[in-house]
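Every chain is named by a letter (A, B, C and D) in the order it is written, and numbering of its residues begins at 1.
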Amino acid sequence: MSDHWYGTAAAVVTLTFDVDAESPILAQGRGYARHATTMSHQAYGPDVGLPRILAMLDELGVPATFFVPGWVAEQRPGLAASIADRGHEVAHHSYSHRPPTSMTPEEERADFERGLAVFDAQGVEITGHRAALWEASWQTAALVAEHGLLYDSSLMGDDRPYRVPTESGDVVELPVHWSLDDWEQYAFLPAPHVGSVIESPAKALELWRAELDGMRHYRCLFNLCVHPFLSGRPGRALALRRLVEYALECGDVRFARCREVAQAAAADRSLPVRPPRPPAVDPGIYPG
Amino acid sequence: MSDHWYGTAAAVVTLTFDVDAESPILAQGRGYARHATTMSHQAYGPDVGLPRILAMLDELGVPATFFVPGWVAEQRPGLAASIADRGHEVAHHSYSHRPPTSMTPEEERADFERGLAVFDAQGVEITGHRAALWEASWQTAALVAEHGLLYDSSLMGDDRPYRVPTESGDVVELPVHWSLDDWEQYAFLPAPHVGSVIESPAKALELWRAELDGMRHYRCLFNLCVHPFLSGRPGRALALRRLVEYALECGDVRFARCREVAQAAAADRSLPVRPPRPPAVDPGIYPG
Amino acid sequence: MSDHWYGTAAAVVTLTFDVDAESPILAQGRGYARHATTMSHQAYGPDVGLPRILAMLDELGVPATFFVPGWVAEQRPGLAASIADRGHEVAHHSYSHRPPTSMTPEEERADFERGLAVFDAQGVEITGHRAALWEASWQTAALVAEHGLLYDSSLMGDDRPYRVPTESGDVVELPVHWSLDDWEQYAFLPAPHVGSVIESPAKALELWRAELDGMRHYRCLFNLCVHPFLSGRPGRALALRRLVEYALECGDVRFARCREVAQAAAADRSLPVRPPRPPAVDPGIYPG
Amino acid sequence: MSDHWYGTAAAVVTLTFDVDAESPILAQGRGYARHATTMSHQAYGPDVGLPRILAMLDELGVPATFFVPGWVAEQRPGLAASIADRGHEVAHHSYSHRPPTSMTPEEERADFERGLAVFDAQGVEITGHRAALWEASWQTAALVAEHGLLYDSSLMGDDRPYRVPTESGDVVELPVHWSLDDWEQYAFLPAPHVGSVIESPAKALELWRAELDGMRHYRCLFNLCVHPFLSGRPGRALALRRLVEYALECGDVRFARCREVAQAAAADRSLPVRPPRPPAVDPGIYPG
């Protein structure tokens, strides 16, 4: 037996679902609330996609992690609990889905804490965090540590878990990547402008299988991020099912909630350490 | 026999054709009328694509629904009747193809009523509506109900018909989606800028077959939207034919006009209800 | 024997090459002349791609038509003649490659006549014209007729030749389309921004074969437009060769220069007639 | 034996890696240093992708060339030497990764010389150069010659090496092209906006194999440019390995460092000569 985060597996799969509903659209401008079609496009996520995905996970018998903005949990009171009740993990995905890089440090802190407070009030236990739009600031990891959470999942500095030391203690980073996200493959909206090409589910499946095979070769964390309003649609849900079935057939892949991977990684002494340090930039070289 | 909207079918297919001609381009600016090539690109739809599609539907023996802007029906007087005469449904697709989200409520109403008046004057019976660019406002459904129409087909809140209650009565929504539209797969124009990638018909066919298979699995409405100026071209018309042939071979798919699906859905007591309600947005959270 | 433009063929192929060199880039701004890499990217067309394509056409034994801007013919004095000497047709592609829709009628006329004058001075016989960027104005066809040319190849109103009546006489239109152009499949440049995806030659081949098969089904003109700076590259040149070989194997496809198709079409009494007439636009409906 | 640059090979492959790290992002604005996720996305290149690629090249037994901006070599002191120690070539890729076309001639010279000075101080021998973003100016080749370097690899005027005469002597150009770059296939970032589609490794492999086959047919230089932060990811690294294995199986392909190809090309008297000369542009024809 290994005391490494991956145990005896060639690759570990964390299926993660960002339950964003209307929040990423409203974060681009309150005025989009007037667009009935766009709002219905987003509401499809919690209303239609989420139940379908929960049923599918039950059938497949694999655990998952759902990142929920506090605003979404607040607007739909039973949502977070209904996910946790099925045995899945609910994690913190900001309050408003406005990205940290667009806020002052004080605004980021306020948004972070308001999100946590929602889950607290709903009795949902939180151990991890993912920044809105994956646009973390350099203080994000410290906020995660300061509030007693175990892990963050917003950075791209590796394809295996790593340790991020902060002034409030260490955080385990479960890194993400654009290529393991369904947004780049499926998202399309004219207003606000989101995406320009709609790929077929077969292409997304091909891409993700190739990455899973590569990660089995290099012993990585396959941290897939999909959205109920995108991958909850019929043809895409079947492609996601096929991906999970393929991973199960591999025989060397373990499925886990993010929390469990983070716990194993926190106990792994060989984990790489990557301090959250911005590059030193000379204003004489790089213009503002 | 079931009294559900789908009857005994695994999925219902509504083939819908948006006969937009020049209108979506002119809606982006009157000045494009000076662009002879762009105007010819759009005129191809009613002049070449439409007759080809009508002949193909005859050969295949499947019914369809044609959404026509009032302005187009006015500019080409015989067009709407020639569609209805072949046994297909003609439906309301605004007057000018300007999207409701770009208009005041009064402008939307005026455009809606001017469109209806054109069909009235031409003796074409209308029972359904689709918003221009699928950009419905929150009052769109109420306008549909107020004018005695049975259904709308502009929202994305489900992949099965649902009921939209309004102050003027209920409307059946036959939801659409970007992934079941040929615009995202084929449209390309430099001025105005429309699309940036031209997919092969084989890719569109793969995408739509995957979605149809998913919808057969989940018992949905495969509400395909194609445009004569795009899918009327030779290679794409053959791909569309292959899609229809595939659906016919499935044996568990029913083809219907939108009107018939809406009638069956209106009589289905188990239909989900989704009120047309904008999300409550706090200006302190989401900037304007 | 038929007296139709297509004779006994199921489809007619006109291979056309737009030998643009630096002109479309300079038309976007004189300043790009300072970009050495971008200029070399364009010069590759006449310097490397063109000789490769001419050799390939010799090997395959098929005729083609080369649309050359007058400015390009002027900058590279022997170029037009070297094409004509191989038995191919040279046609008029504006002087500067600025699109007619960006010019006043006087500017368009001046540019048109300056282009013709270059070919006149070089002793190259011209019988047809293609507007820069395929952005014809409503007077373009009349300019073609007035100067005694037989055909234009810039509009998209059909997928078969058609007759365009003008005050100076009739013009035969050999219509083009974005899907039969290699620009949308292959072009990529960051400055000026051109294209965002580079497709594989296998995808372009799949797309064009699908369109050719559709055109054989519907008896159309497969009027392919490729660019030596794009399709002259090694992998793409082989894909083009495979397309030609496929068309030859079909047994029902005829290859011809544009001039010959235009002559046959001019003599075909059943040719559709499409007057060059802008749509009537009410400023009260469509904003400026 | 041939005295041509390609010797007895049908095609020569130069695997080149641009080790850009954070520099291309900072060149678009110093403010991006605040974006922790974006910076981690770039740091992945030298931290994770580079060691993986170096190990893979060892296993495959093929040599490569690494283009490194001086700023990157300075920020990570051991990096350039660790590449050279494995038997690969390190080459000059500007100091700051700001493109020459965005600088004055004096700024370009200062950036060029500052980059060279870094490698000089680190004892890394440099014989070639590649302009940042492949946006060379017309003086770039002269700077290369003046500083005693043998070759440049930034232009696109051919798909075989060519000679660029300058006032400071001749330079061998090893031309690049957008289609042989992994940026166009894989790069995606929302801020700064980079790319809009993420292709599957299978598609990139298909594209590059097609181009390699074309280059074997036409006897060209397959000058592939990939980035550790992109192609160092697991699934893409396996696709790159498969490409190399395919090239090795061909039996007629030679792998070489850029330096060796440049030396052979410099000695090849039949090499084409392409003077670095901007096109003559009349301000009356092309607006500013």
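As a working rule, a residue touches a chain if its C-beta (ideal position, glycine included) is under 8 Å from a C-beta of that chain, and two chains touch if they have at least 3 such contacts.
The structure presented is a predicted model; accordingly, all values stated were derived computationally and were not measured.
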Partner chains shared by chain A and chain D (touch criterion as defined above): none
Farthest chain (mean CA position) relative to chain C: A
Between chain C and its twin chain D, rotation from the CA superposition, multiple of 5 degrees: 90
Interface residue overlap between copies chain A and chain B, same or different (over half shared): different
Interchain centroid distance [CA atoms averaged], chain A/chain B, Å: 34
Distance from chain D to chain B - Cα centre to Cα centre, in angstrom: 48
For chain D, residues that touch 2 or more chains besides their own: 196-197, 199
Which chain pairs touch, all of them: A-B, A-D, B-C, C-D
Chain B - residues contacting chain C, complex: 22, 26-27, 29-31, 33-41, 43-44, 47-48, 52, 71, 75, 95-96, 98, 186, 188-191, 196-202, 233-239
Chain C - residues contacting chain B, complex: 101, 131, 133-138, 140-141, 154-159, 175, 177-179, 184-185, 195-197, 199, 203, 206-207, 210-215, 217-218, 220, 274, 276, 278-281, 283, 285-288
